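By written order: A, B, C, D, E and F. Residues from 1 in each chain.
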Amino acid sequence: IMVAKIGVLKCGNLGTSPVIDLVLDERADRPNVEIRVMGSGTKMNPEDIEFVVPKMLELDRDFVIFISPNPGAPGPARARELLSEADVPAMIVGDAPGLRVKDEIEEQGLGYIIVKADSMIGARREFLDPTEMAAFNADLMKVLALTGAYRVVHNTIDAMIADVEAGKEIELPQLVITRDVAVEAADFKNPYAKAKAMAAYEIATKVADIDVEGCFMVQDPEKYIPIVASAHEMMSTAAKLAEEAREIEKSNDTVKRTPHGKEGETLSKEKLLEKPS
Amino acid sequence: IMVAKIGVLKCGNLGTSPVIDLVLDERADRPNVEIRVMGSGTKMNPEDIEFVVPKMLELDRDFVIFISPNPGAPGPARARELLSEADVPAMIVGDAPGLRVKDEIEEQGLGYIIVKADSMIGARREFLDPTEMAAFNADLMKVLALTGAYRVVHNTIDAMIADVEAGKEIELPQLVITRDVAVEAADFKNPYAKAKAMAAYEIATKVADIDVEGCFMVQDPEKYIPIVASAHEMMSTAAKLAEEAREIEKSNDTVKRTPHGKEGETLSKEKLLEKPS
Amino acid sequence: IMVAKIGVLKCGNLGTSPVIDLVLDERADRPNVEIRVMGSGTKMNPEDIEFVVPKMLELDRDFVIFISPNPGAPGPARARELLSEADVPAMIVGDAPGLRVKDEIEEQGLGYIIVKADSMIGARREFLDPTEMAAFNADLMKVLALTGAYRVVHNTIDAMIADVEAGKEIELPQLVITRDVAVEAADFKNPYAKAKAMAAYEIATKVADIDVEGCFMVQDPEKYIPIVASAHEMMSTAAKLAEEAREIEKSNDTVKRTPHGKEGETLSKEKLLEKPS
Amino acid sequence: IMVAKIGVLKCGNLGTSPVIDLVLDERADRPNVEIRVMGSGTKMNPEDIEFVVPKMLELDRDFVIFISPNPGAPGPARARELLSEADVPAMIVGDAPGLRVKDEIEEQGLGYIIVKADSMIGARREFLDPTEMAAFNADLMKVLALTGAYRVVHNTIDAMIADVEAGKEIELPQLVITRDVAVEAADFKNPYAKAKAMAAYEIATKVADIDVEGCFMVQDPEKYIPIVASAHEMMSTAAKLAEEAREIEKSNDTVKRTPHGKEGETLSKEKLLEKPS
Amino acid sequence: IMVAKIGVLKCGNLGTSPVIDLVLDERADRPNVEIRVMGSGTKMNPEDIEFVVPKMLELDRDFVIFISPNPGAPGPARARELLSEADVPAMIVGDAPGLRVKDEIEEQGLGYIIVKADSMIGARREFLDPTEMAAFNADLMKVLALTGAYRVVHNTIDAMIADVEAGKEIELPQLVITRDVAVEAADFKNPYAKAKAMAAYEIATKVADIDVEGCFMVQDPEKYIPIVASAHEMMSTAAKLAEEAREIEKSNDTVKRTPHGKEGETLSKEKLLEKPS
Amino acid sequence: IMVAKIGVLKCGNLGTSPVIDLVLDERADRPNVEIRVMGSGTKMNPEDIEFVVPKMLELDRDFVIFISPNPGAPGPARARELLSEADVPAMIVGDAPGLRVKDEIEEQGLGYIIVKADSMIGARREFLDPTEMAAFNADLMKVLALTGAYRVVHNTIDAMIADVEAGKEIELPQLVITRDVAVEAADFKNPYAKAKAMAAYEIATKVADIDVEGCFMVQDPEKYIPIVASAHEMMSTAAKLAEEAREIEKSNDTVKRTPHGKEGETLSKEKLLEKPS
């Protein structure tokens, strides 16, 4: 079998970061992918990038994915330069601030996926300890999973894997995962489930504005602590709405599942007890 | 400032894997840590280990953390050999199956953290697609965060970081995060919140038995699909119970927060509007 | 007792419309107010305004309140002209679109209250029947009540009533009820209750954008029906969050209540079994 | 088009009052109705009635609706006299106490709609401030909307509108909206949704007895405050049950919607994405 | 220790029947009571009574409790005759229909406890199978437990036990457990918890009227099946409200507990981790 | 009609005890059963058994059921001896500890039903007062009802009744009600409802381990009180999961009901408004 060798660079953390490698091989039994991950934890300064990206470029990869918050920030900008210069096909995965550098990314010959609902966290010391950080990411992951956003991510990368298997030049994606793109992939059978997922996606997307306000625009702790706390309450209620959407589909046994098959192809099924095909 | 250079190796995915690096530097502003992460996605076969571990050992690290499901499996066993031979202090983070090789880990001069509630997922193709995988991990992360398990993880690693800063020989942890160890760190003020968190931890722990039954002991899809589906229902209800615990503490403004301070020390606070100290 | 004679004109329906007269005399026992309401139901075309406003101006009122959606629309614009010409002090109550004509209102010598979270409804025939309309308004009323917005409305009008009682020239309000203005009045004792109410206010505010998209910007029913349905799901989840805020204050017996007293003054209390004073 | 000119008199507030005009023209685009509303806020004393009713009778209306709590109270009784003497067809809308004067209303040649679940509020100063009043009305509106009561109201008045359009003498309704009348109109497809709505209607109806006890029969604040508070808890739980009924119908995409059409006729549909016909 | 020998006769099933013996000795370690139970399952016809009551009267009991639905029905009436003739002190425990024979019970020299919220079940074959019966009883037990009704039952019987221990003539209770009697015993610290429990008690009490309507007054299955189903929905929502009351007290660690002590005396405590005294 | 005369002995309390007689005749109208119940309340010491069992054996019964916690305990062991010696067919109903004496029961010629999820209660004085006991039993009954366990109990005993009616030798059951046996009888149409019920059964089963730990293995109140409290939180969350399973089936009108018919046969139906057949 032709194995697509994928490099994943994780500098700083997005809601999509923890799963971007996992969604490509959810049961660790996909024969046609070999994934190497390198990262710098939550830090994404230029010096972190300058260590990690070259490290990855030492490896023989069919394509490389660089995922970080804010593709316009200094670190991620440096990463784009390094990847653009390298001759390996590369793609940037980022959040809404990435929309401001979309064209630059295209000019650099890089692909991109912008996940609009993958909102920034409430990063204030009085509020965000490791526990709160993990709880926020859990809610964000629930939203991105159940609204279909993660399915768009793996469908898009699976297409690149297919190009590799077909010996074709990899068509780098230029994709913004909007509310409608996400729920389209979620493939809800019930229209109210779809409506709830759309609502969840919109609320999650709005969280970014509130955390920007709380982290950058308001300097009085008495004010910014409740603001970032309210942003996390919004993400948790978005997660509940996304779960309500899923519970409706479960109640009708119409949950769309798209597992990877034995040869690494993407299968699909609906009834729980059905074989995927 | 004395910077602790940490290496994190992620082979295969545990509920703790996505956050083990993030909890050490939740706002990416901790001056005394530099983290380099390498991993192989969901795969954890010996060949993945044999690539990733040596790659990390090329770097100059103060200590290395290897996190994977089932420390007794072939891949993780190979990693332990490589790390044991290397002269860098190293620690294994794993789930309940790791309890069976605890002594061997000690003999190999490696530290360990076993997270009992970090249960195996329902890895059956008819059920586990990337979306279900991410949703399960979101619930598991919510449990491990709100029951205090993640706080034990970062407290333990912070102690190693403190050893590095103090120029001392790193005292490698030998720790099993049980229900009581986790909720102790969660530091609930309300006894019923503590009881709900304990219940969440027990239910999450039990999920492993059900997924082992569904993935390895029952071969009829008509039977094993509902079994793994029921395991995921248990994890989601555990997450709800953990949230109930958190909501009680929020209702009394007694949520314990332990953020990292400007110098990378661990601070703590209780009232939301209070300054951590 | 000096009785403030108030005129309320309701043309078209806002979330605040049904209660703007009720909040001034919640138990119908306030001796210092006499309210006369005139309106045209949901219609707010110029001809409706041209009937109703003059009708009210025939009455001897100390001040007049005109409440309608979108103070910039033709009907409401006509009302502002008529009220501006009349010599009775008058005030406009509207939703976010009113922000665009704020200055014009001031120039017309009219007061105003803009309620930012009082969002437009999903007015598409395939979705909005009378039952859905009432259900949406019930959720919106719950948000505006429990986030403190209605308290700001009655405090503001009570001040005008006080001017009348004091024989003073009525100081016409120029007020935008933002998230922070609302929750300030709600006077939450628990910071997480405040955060949940702030989240509810933001979500309710965002509903307007979604309904504008569904009612005016998207013309394909297959697309706009789920969009307006998702807007109503957002309002219902905002109502639940506002209720969670209230439940926290109830759990601590710290619900702030501001009833009108025997002489029509505004009292306040916290403990449920306490006498207001 | 033949336009039915309707007069609505709102003296005092019922759960049905805020919407009785709105349900006739939910999107403000019904060509065959012109509604003029006059009211006296929460007050419903004879002097309020003696001002407002004659004011309305000055207008040329096809029929007039007088809605108030307790049609037997002095104010509403005076209104019935005035309307009975006037030669315009008129109808009384009231709550359960109205059942005691049903025959008198008939003798006066007036129509009536009694809404049994439209229960009196907990009107005690220590409990009912404007915020609590609005929250109660929000729950009551949710019950009356989702159990079908409001649909009976607009169907009934639509029949009068149809008489006007047909140039026929208006057949004044003599209708008590009981539990069964309401849920019949709600047209639930799922029998458990119907059962939940029936339960919600019964609980909402029972609220009146509890508020009568708390407001009139018990004079010790230590006793009557918890009683009226418990009445409001009953209404909020009735609202949740009504929502559960709606969520079941949404989960099967069988929500019955009866929007008004372009010519003001009443259409109906079931599937969310279906065109009403 | 002086042991009170108690006889419990269970003919037919009330919500209080399953626990009336259990609440006297909740941990089976109360030294001063010896309980003998005899019953006839759900049947309560005269022939069942005529077997079971004499059987019990053969035993040497300090006092006998006869618990059944509807103390006025033929079977229970027969039991009252038999017990009245016997010279052992005896008490009747029943539901609201017992209020009609209260005086007769007193004349017969029997004590009584009437539990007003212990409502009749929806006993229609098309609806009530053994599973539905058990689920209803579970909800009813939750209401009677958490509203304080069961505490009144055991406090009352404990007083009779105390009389036996003191060698005094047993003072037979004449008690109607109303809403206020129940919540008094529940001893809520938070007034909103008390209000929710009161609401739960009222809703549970109302269930009887609905089941009487569904079981005896309506003969068309199309009508009576939804009616009894709605009664069960009311009991389940009453249980949820009672749980909300308990959750508030848990959130403040003020749950009143009244366990029996080592010598069988009744202790009490509030904080969970406190010793009862 | 041939009437099966059944004796039920209740010594000590299991979750199944309160209903084991009720499920055989849920509407007290089953002509072919006559049930006599005798018990000793919560006490199950040898002296209680030695009174109650012989008392029952005085009666002419077709078969006798002895239900108690822990069939291996001294009291229940004594009961088994007495019943084994008697020539009436007899059956033991117990909880998981009974699995240890399963063979002995068989050798004694007794039938048995072991209900695995019928877990022991948190019997610590500081925690378990009569109210907490009743609340736990309510949750346990909800789980055993809605997961199908109680249906297995009555189906099994109905088969013995059928043997009696057929004049055949009663085939004594040898049955362990596992998770799969229970949900099989619940006959869920929706696979996710089945998965939720399976999860509820597993969590309820696990409660026993936690209460054993809290009641027997840990002696420090500071530790064992939270442990038994967490066990009760697990049972309450299991009850919620079981309710979710039921709500899915209700949403599709596929709730399986197995009422007893006019001749005492077991009927079944699915649609709520359907006649059982």
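The criterion applied here is as follows: contacts are C-beta pairs under 8 Å (C-beta built on N, C-alpha and C of every residue); 3 or more make two chains touch, one makes a residue touch a chain.
This one's a predicted model, so the numbers in the text were calculated from it and none came from an experiment.
Q: Please give the intersection of the contact partners of chain C with those of chain D.
A: Touching chain C as well as chain D, we find A, E.
Q: Between 0 and 180 degrees and rounded to the nearest 5, what angle rotates chain C's CA atoms onto those of chain E?
A: Between chain C and chain E the superposing rotation measures out at 120 degrees.
Q: Taking each chain's centre as the mean of its CA atoms, which one is most distant from chain B?
A: D
Q: Where the centres are mean C-alpha positions, what is the separation of chain B from chain F, in Å?
A: That gives a centre separation of 40 Å.
Q: Just the number, please: Cα centre separation of chain B and chain D in whole Å.
A: The computed centroid separation for chain B versus chain D comes out at 57 Å.
Q: Multi-chain contacts only, two chains or more: what residues does chain B have there?
A: Correct list: 191-192, 195, 225-226, 229, 251-252, 272-273.
Q: Determine the shape of the graph in which chains are vertices and touching pairs are edges (line, ring, star, complete, other).
A: other
Q: Please give the residue numbers of chain F that touch chain D in the complex, ascending.
A: 250-253, 255, 271-273
Q: If we count contacts the way the header does, which residues on chain C are in touch with chain D in the complex?
A: Residues in contact with chain D: 8, 10, 12-13, 17-19, 21-28, 33-44, 51-52, 123, 125-135, 137-139, 141-142, 144-146, 148, 150-151, 154, 186, 221-222, 225-226, 229, 236, 239, 243, 246, 257-261, 267, 269, 272-276.
Q: Using the touch definition from the top, list the residues of chain A that touch chain C in their complex.
A: Residue positions touching the partner: 180, 183, 191-192, 194-196, 198-199, 202-203, 206, 210, 223, 225-227, 229-234, 237, 240-241.
Q: Could you list, by residue number, the parts of chain E that touch chain C in their complex?
A: Contact set of chain E toward chain C: 190-192, 195, 248, 251-252.
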